[in-house]
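Presented sequentially are two complexes of subunit A, the first with subunit B as partner and the second with subunit C.
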Partner chain A sequence: MKGYITKRLIYMFITLFLIASATFFLMKIMPGTPLSNAAKLTAEQEAIILEKYGLNDPIPIQYVKYMANVVTGDLGVSFQFDGRGVTGLIMDRIGPSATLGTQAIIFGAIFGILLGILSAIRYNTIWDYLATIVAVIGISIPSFVFAALMQYYIGVKLQWFPVAFWGGWEHTVMPTAALAVFVVAVSARFTRTELLEVLGQDYITTARAKGVSGFSVVFKHGIRNALIPLITILGPLAIGLMTGTLVIERIFSVPGLGEQFVRSIQTNDYPVIMGTTLFYSFFLILVILIVDILYGIIDPRIRIAGGKD
Partner chain B sequence: MRKSKWSLLLTLTLVLSMFLAACSGGGGNDGESSDGNSGNDGKDGGNTDVPQVLNILESAEIPTMDSVMGTDAVAFQVMAETMEGLYRLGENMEPVEGMAEKHEVSEDEKTYTFHLRDAQWSNGTPVTADDFVYAWRKAVNPDTGSQYNFIMGDLKNANAIMAGDMKPEELGVEAVDEKTLKVELEQPVPYFISLTTFATFLPQNEEYVEGQGDQYALEDENLIYNGPFTLTDWKHEEGWVLKKNPDYWDAETVKLDEINVKVVKETSTGVNLYETGKIDRVGLSSEYVNKYKEHEDYKTFEEPVMFYLKMNQENEILANVHIRKAIQAAVNKEDLVNVILNNGSLAANYFVPKGFVTHPETGEDFREINGDLIKSDPEVAKEHWEKGLEELGKEEVTLEILGGDSEVAKKMDEYLKNQLETNLPGLTINLKSVPFQQRLDLDDNMEYELQNSGWGPDYADAMTFIDMWVTDGGHNKTGFSNEKYDKLVKDAKTTLTSEPAKRFEAMLEAEKLLIEEEAVLAPLYQRARAQLWKPYVKNVYQNSFGPDYSYKWAYIEK
Partner chain C sequence: MEHILEVKNLHVSFDTFAGEVQAVRGVDIKLNKGETLAIVGESGSGKSVTSKSIMRLIPNPPGRITEGQILFQGKDLAKYSERQMQQVRGSEISMIFQDPMTSLNPTMTVGKQIMEGLRIHQKMSKSQATARAIELLKLVGIPNAEARLKQYPHQFSGGMRQRVVIAIALACNPKILIADEPTTALDVTIQAQILELMKDLQDKTGTAIILITHDLGVVANAAQRVAVMYGGQIVETGTVDEIFYKPKHPYTWGLLASMPKLGASDTDLIAIPGSPPDLSDPPKGCPFAARCPHAMKVCVDHMPDHTEVSGSHKAACWLLDERAPKVEKPVEASVGGAR
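== the complex of A and B ==
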């Protein structure tokens, strides 16, 4: 197991290096400059300022300089926010995004799983159909539609929760709910399908034959096996949610990372683009690794490299 | 072992569902109580003094608070409220006293001597002439990387310093003594006083700035202020609070105690906040105008920002003046502003915007004197078009419009295509939408045929619209070159500077030449902003250059 993890960690850094390199060159192909006042500057004035930031150097030289800095942990300084370090920018913005993402994943998965269990044990009844409808709506309607509807009806009309802004927990309720809808739908569908399959297995029949109660069969024997595939999708989904979701953050004016990332691309803010990409990739790879390890713990059948240990 | 883990998860699930149930219950209560509070606020307001608090939105985070680095509306706005230069923009955009009490101008109008008042920074240090010298030198120093320092180009030696050919110390600004600042210009600049209100000309205290090092201006506590308000509670991407500065020299004029600013990027969110009474002003995009057009809070403000089709004369078809005149006349601009933009924007048959500058003697608006220089008329368009095609020996031509990639920009370009193709037989228009940054690159390299472009002023003088079209001007990029035009601009900048009326007339003539005779551009519209304002907000001045608003004199009256 140790050897396996070491190997995976080495791969992880190689992957990160490749991602960084690819992003760097792709980013440099993007037209335009990172200068915020380019519309008012003449070509000569622009050249003087670009010189100051080392952006007139040939791209391979810029690449080597950048990578050397990254290795020492220096992600550089933002262009759009004069003088602000990229690491600080990401750390400032990740808080709200992570809070919303975590809440959405936790509440979404719990409700989704419960809904999925309900559909599976009440298979082909009105409960199953209702749960299916909820799931289909959740998957097919984008979260910003829910966000906009909630903002208007719950925020403006009923005034139960604040319309926007970031502050106490009450500000997180509507964005969390908007983000969780998709998670609910996905986990409900997965749980239902998997649980139905598991409940059809021989060992479940055996359990029932032994006289184990219906509740016990589902919760003790069924769910554990049914949830394994769900872990595969929830990991990356969680990272997607926790690192920020542009539209929801815009609608509820949440100072998160998603909005920040998109704007850095629009404004050619090279250091922020690179920093955020690396940050995001790092977590994604890390979570995939954790999921793979968890797999082995949850399901002995998939214990990786078990033979070697 | 396994069993216990499993039951742990179940317990966790249960606890979390309870927590969620508690949340939604709490939410309901909270809603009720906040309703009650707002009711009380209303009553209190009627009986006693109204709290002098203004709640507004900005569309973005403050990109920088280092005054020499500012380039955008958000930064300019906060800087204007928290800091003060030699002069400040007052009502009707008149420069009013700031750090300078008065000034003298030399005989040749190239030397200004400013006398500073006794004022202090928020850390107690007095504001001195050295603070201006320090900040201005910093701005023109190429190592600083300022992107707006070209606005200082009229200061003696400024351009040479910015190009790296001279030292920042050689800039034409000098502290004669603590309270006297002497400024030398390359040539007389009739609007220099209004220029000194601009953010790039704000002072900075050397000792403080150097003491902060690379932390300067990054947070509200890494700054000192000398303006009507101080910046506090600056939470990046969330908002900030402007608090009345008790040490401001004119603090008794300032009535607002607090301006709460929140960052909101979605118009729909802003409108919802306005509807719930959380904010006192909201900007409307065109899709919201129909809903609120009849609302009593609805207001529009015409900005001096012009949009037009740039025509590249290096293209053989567009090199023909009749073709250009045909394009000028072929578009129905009334429909463009009323249907597509729908926010109070004005159909423009001119280039120097309405309500921007007035004749120095008669006080008449530039626009009233020159009036409409062209008109939209399909007949006229067709006439010029046929003449142009005949001269070119062509029957069919294809042109491309380069435009922005926003929804409104695309809709507008579709409309232009339709209008031009309908009214100019034999013309085919292709559309190309690109992101803003890319359009600037293509413009720089003159890789376009027709371009939907815009320009806003940098200072309060028609020259900011006129001088960009001189031969090889940095922003000309149309290939337009006209000796008479160049001479008019040169005269206005040199020989006529001491004769404001004649100078103004030279610019009037230049505009006619640009639009009416040479048809360099096809003007489309002058932009307006449509907004909702709570009626109790009084005395906020709207500006057409520099900061969008002046809050120094604003107050709340319920």
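== the complex of A and C ==
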């Protein structure tokens, strides 16, 4: 197991290196310049600024310099926020995004799995149909629609929660709910399909023939076997949510990472683009690793195969 | 002899989009204490449905017991609630399934799966249950039981898994063990071992066994009495000797003739021509009439009663009626297609 994780960590750094390289060159192909007022500058002024940020060097040299800095943990300095370190910018913004994302994935998954179980054990009854309707709505209607509806009815009319901005936990409720709707829908559908499949397996009949009660059959024998595919999709979904969803952050005026990332692309703020990309990638790869380790914990057959590797 | 189980006029139906399928149509079974009763018949004859109905394991919907009684020690299981059934399953009546590769939970250790029944029915503590599980694994001939207990099903071979399944079934010393084609998914050498093991365990525990199979070789080896099923009904019952040497029903003749024989000069397999009746629209008369080489007019329209041949031997065939022409088996066994 230790050898396996070490190997995976080494792969992880190779992947990060490749992502960083690819992003770097793609970013340089991007049209535009970091200088928003380039037209008004004299050639001399422009040269000074470009020199200051190291943008005069040939691109391969810039690449080597940047990568050398990254290895030492230095993500550089932002262009648009004068002199602010990229690491600091990300750290300032990650808090709200991570809070919302984590809450959405946890509550969304728990509620979705329960809904899926209800659907599967009350298969083809009114409960199943209701759960299916909830899931279809959750998947097909974009989250900003829910966000706007909640803002109006819960925020403005009922005044239960603040309509926007970032503060205490009450500010997180509505954005979390808006983000969680999709998670609920996806996990409910997956849980239902998988659990139905699992409940038709022979070993479930064996368990029933042992005199195990219906409840235990589902929770002790069913769920664990049904979880694998769900974890596969929940991992990357969690990353997407945790690293910020632009739309929801905009609607609720949450100072999150996604909002900043888009702005950095619009303004050719190279160090912030690079830094955020690397940060996203790092988390995505980390979650994939965690998911793979979770597989092993849930399914002993995968554990053995991984261990021999 | 005392009957531990008596199934009376059992009818089981499945509701499908194409209509009601009457999978079991009036089955009577008597099981004596400590004996092995084999139920034989081809696929779709209703033998598995009958056995699952006794355990009340038919999924409902679509399946339901429409008529009849399942008397276990005088009590009618057909009227039991799900909760009452849970107390019977695994402790009084146990079941072994066909495919050991799929009948164990892949994400639970073998030990836990054996101990589950013990903890539910006998309220054992964890350590008591562990001790009993080790004892059971030794009983079914799995070496190194203590270590094996902590392993998962995928670490066992097919034969070993079937031993585990048997250990699970026998954990609480059930009075009846229903084995639904327990050797079908195993290769021949392992089949013999598993049958030997079941016989052995029966001698030790006195459990009555209902053995569901389509393999007459298995029947000859393992059972004392045989019930032959066809089209959702039992067409002939008798002792193993009676069924093998003095069969009365043409379907039984066909089954026996279709057994491949070692050393037979021609290598063709003998089959019973035709296919089983459609049970969503069951025939009015004898279900075998359409395939029977001796079918008479009466067979098509009227179901024959069970005629007693001897105290232990009964068959449902019009040929046994005194008015019927005399047909004897030796010639007819070949009708299925032998030369």
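By our rule, the second predicted complex is superposed on the first by the 292 of 309 C-alpha atoms of A that agree within 3 Å, B and C clash if a C-alpha of one lies under 4 Å from a C-alpha of the other, contacts with A are read in each partner's own complex, and residues count from 1 in each chain.
Here, contacts are C-beta pairs under 8 Å (C-beta built on N, C-alpha and C of every residue); 3 or more make two chains touch, one makes a residue touch a chain.
Computed from a prediction, not measured in an experiment: that's the story for all the values here.
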Aligned on subunit A, subunit B and subunit C: do they clash or fit?
-> fit
When the two structures are overlaid on chain A, which partner does A:R208 contact: first (subunit B), second (subunit C), both, or neither?
-> second
For the combined three-chain view, what is the angle at the C-alpha centre of subunit A formed with the C-alpha centres of subunit B and subunit C, to the nearest 10°?
-> 160
Figure out whether A:R250 sits in contact with subunit B (first) or subunit C (second), or with both, or with neither.
-> first
Just subunit B (first), just subunit C (second), both, or neither: which does A:K7 touch?
-> neither
Touching partner for A:H221 - first (subunit B), second (subunit C), both, neither | second
Among the partners subunit B and subunit C, which is in contact with a greater number of residues of subunit A?
-> B
First, second, both or neither for A:K65, with subunit B first and subunit C second | neither
Applying the touch criterion given at the start, work out whether A:F161 contacts subunit B, subunit C, both or neither, answering first, second, both or neither.
-> first
For A:K40, select first, second, both or neither according to whether it touches subunit B, subunit C, the two together, or no partner.
-> first
CA minimum distance (subunit B, subunit C), superposed complexes, angstrom = 8
Subunit A positions within both the subunit B interface and the subunit C interface are 220, 224
Residue positions on subunit A within touch of subunit B in the complex are 31-33, 35-45, 48-49, 51-53, 80-84, 92-93, 106-107, 110, 114, 148, 151-152, 155-156, 158-161, 163-166, 169-170, 173, 219-220, 224, 250-253, 255-256, 259-260, 266-268
Can you list the residues on subunit A that touch subunit C in the complex?
-> 201-203, 205-214, 220-221, 224-225, 298-301, 304
Touching residues on subunit C, where the partner in the complex is subunit A = 55, 57, 82-83, 86-91, 94-95, 97, 99, 102-108, 113, 116-117, 120-121, 152, 154-155, 165, 168-169
Going by the contact rule at the top, pick out the subunit B residues touching subunit A in the complex.
-> 6, 10, 13, 16-17, 20, 23-24, 26-28, 30-31, 34-35, 61, 63-64, 66, 69, 71-72, 142-143, 145, 147-148, 150, 162-164, 214, 216-218, 235-239, 262-266, 268-269, 272-273, 275-276, 278, 434-438, 440-441, 444, 458, 474-475
